[in-house]
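Same chain, two partners: chain A is paired with chain B first, then with chain C.
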Partner chain A sequence: MVRSVTSFGRSGLSDWLVQRVSGVILLAYFLYIGAALIGGVDYLAWREMFASTGMRVFTLLALLSLAAHAWIGMWAVSTDYMTERLMGPKGNVLRIAFQIACSLVIFVYVIWGIQILWG
Partner chain B sequence: MLQVSIYRYNPETDSEPSMQDFQVDTGGKDLMVLDVLELIKTQDTTVGYRRSCREGVCGSDGLNMNGKNGLACITPLSEAVKDNKLVIRPLPGLPVIRDLVVDMSMFYAQYEKVQPYLQNDTPAPAIERLQSPEDREKLDGLYECILCACCSTACPSFWWNPDRFIGPSGLLQAYRFLADSRDTATDERLAKLDDPFSVFRCHGIQNCVNVCPKGLNPTRAIGHIRNMLLSRAT
Partner chain C sequence: MVSNVKDNRPVNLDIGTMRLPITAWASITHRATGVALFVGMAVLLWLLDRSLSGAEGFASVQQCLDSFIAKLIIWGVVSALIYHSLAGIKHLVMDFGVGETMEGGVLGARIVIAASAVLILIAGAWIW
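Showing the complex of A and B:
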């Protein structure tokens, strides 16, 4: 049993499940957006689409899924490559710095996204 | 003449590893790679490698041949050689002791973690613990593993985290005991696997399936473990 305090759900199974479910939500969202774009939208139609509560909730769901998905993915990347085994003690510093930077960027995107949707 | 390039490294005398070229007369026969190594040994007795049964049972001569892991004794030249060239390296990702001999300690430590032995807390029967043919069938494709380490050393997740990710070989063995109807420690076994590294570093790229000399499928076994964890924890 390997303990970790920075993984998304503190459990491998939970991270795995969140990664899969959020992936499906993102796929559904981008298929929907893609279909709208291929169908051709002008500014007014686009504005009207995002004015509906349903679309805003769906977009927020996709945004939160993206945040979780990105965190789990970037966390796995950082614990693969930025480790003491591969880089010596500076790997630990780099990994923690990278994880903090990622979480800040994700946080900013989520807040920014909410602001755009309901601003 | 077959061109063979062999990884050489003796930590006592060499500052770094190097490749040494040999010309081998195979007599036009489709030899096994191990036979070629034996022929090279007659040219240079200092070439170090492990071998024992020479028939794919003991798992000693796992090597990287032209970029692909496998057992030298059951890999014919016709399968390994490209453009009359054969490059032989030790299994990747493990520390080299000398030439083609690697230190398997990390690999064995992961094997030990899964407690690869039957655990049963019920009183032992007079003769033996019986198993139905159907239950016995569930162990097919699992018990055949010979621990040659070809799969785990072909797995990038094992390269990056050999101390935390159990690896395809260890997980195949873990499932071999999880699937055994005579084992009663299923819950304890599963509880030890539910962290972000032990099982879930497997991203399903199936290098293990691609190289297994016994034709086993660790990725499928890992999927079964994941499903067992999922059905218990949701």
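Showing the complex of A and C:
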């Protein structure tokens, strides 16, 4: 059985929208970083860039978007393959274990990111 | 509790027995690159952490990125990001109802694959 209790917004439509909004935020963020790197940065410029409040907020927004986006995405993948239909009852166990592992990784990413910014 | 995902989702096609069209390849690659990015974010966060840890850390990242393996890994993550982003944009375009026909889907998949290939090569040239 695959139930929606473990989905992000408890509804497919909400997940669908969050997936898109978070995707666009991540894209904007990576384009911004990419543009800065192509322009070339030395340590001082790089540090200054991440010291500004605007960039810290943008980075935090990207981290939170990553958290939502990755959860919804990895949830979709796990509920497609790690199922009773494909694997028998152990599919359910594997899926829940996989989802717990993903949520732990996401948690680490967010905390790590906050520490990089304000640590 | 009301469950809005059916306990047993209908399975319409057994895709294991089919030859996949280009649209299916474009789709599964979007999925594979999404999962790869999830792992790749650890590499990027690590680089960000080191590069902001001080002038020494920044220099050590620069030095490390001189190595072939490190370049290869970065290129891999960037390539996944390029493909996943373009395919993601295609999703958005199709969500607005553009290109939802069979021909539109095939054309969209071709554009995403071709544009990704070009950008991935450019990224490779830039990294090396």
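Here is the rule we go by: the second predicted complex is superposed on the first by the 116 of 119 C-alpha atoms of A that agree within 3 Å, B and C clash if a C-alpha of one lies under 4 Å from a C-alpha of the other, contacts with A are read in each partner's own complex, and residues count from 1 in each chain.
Here is the rule we go by: a residue touches a chain if its C-beta (ideal position, glycine included) is under 8 Å from a C-beta of that chain, and two chains touch if they have at least 3 such contacts.
Nothing here was measured: the structure is a model prediction, and the numbers come from that model.
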item	value
Partner chain(s) touched by A:Arg85 [first = chain B, second = chain C, both, neither]	both
Partner chain(s) touched by A:Phe30 [first = chain B, second = chain C, both, neither]	second
Which of chain B and chain C A:Gly12 touches, first, second, both or neither	both
Superposition-derived comparison: chain B or chain C, residues of chain A touched	C
Interface residues of chain A shared between complexes with chain B and chain C	1-4, 7, 11-12, 79, 85
Footprint of chain A on chain C - complex, ascending	1, 3-5, 7-9, 11, 31, 34-35, 38, 41-42, 45, 48-49, 51-52, 55, 58-59, 81, 85, 88-89, 91-92, 95, 126
Partner chain B, residues of chain A touching it in the complex	1-4, 7, 11-17, 76, 79-81, 83, 85-86
Parts of chain A lying in touch with chain C, wherever the complex brings them together	1-5, 7, 10-12, 20, 23-24, 27, 30, 38, 43, 46-47, 50, 66, 70, 73-74, 77, 79, 85, 102, 105, 109, 112-113, 116
Residues of chain B defined as touching chain A within the complex	157, 160-161, 163-164, 191-201, 226, 229-230, 233-234
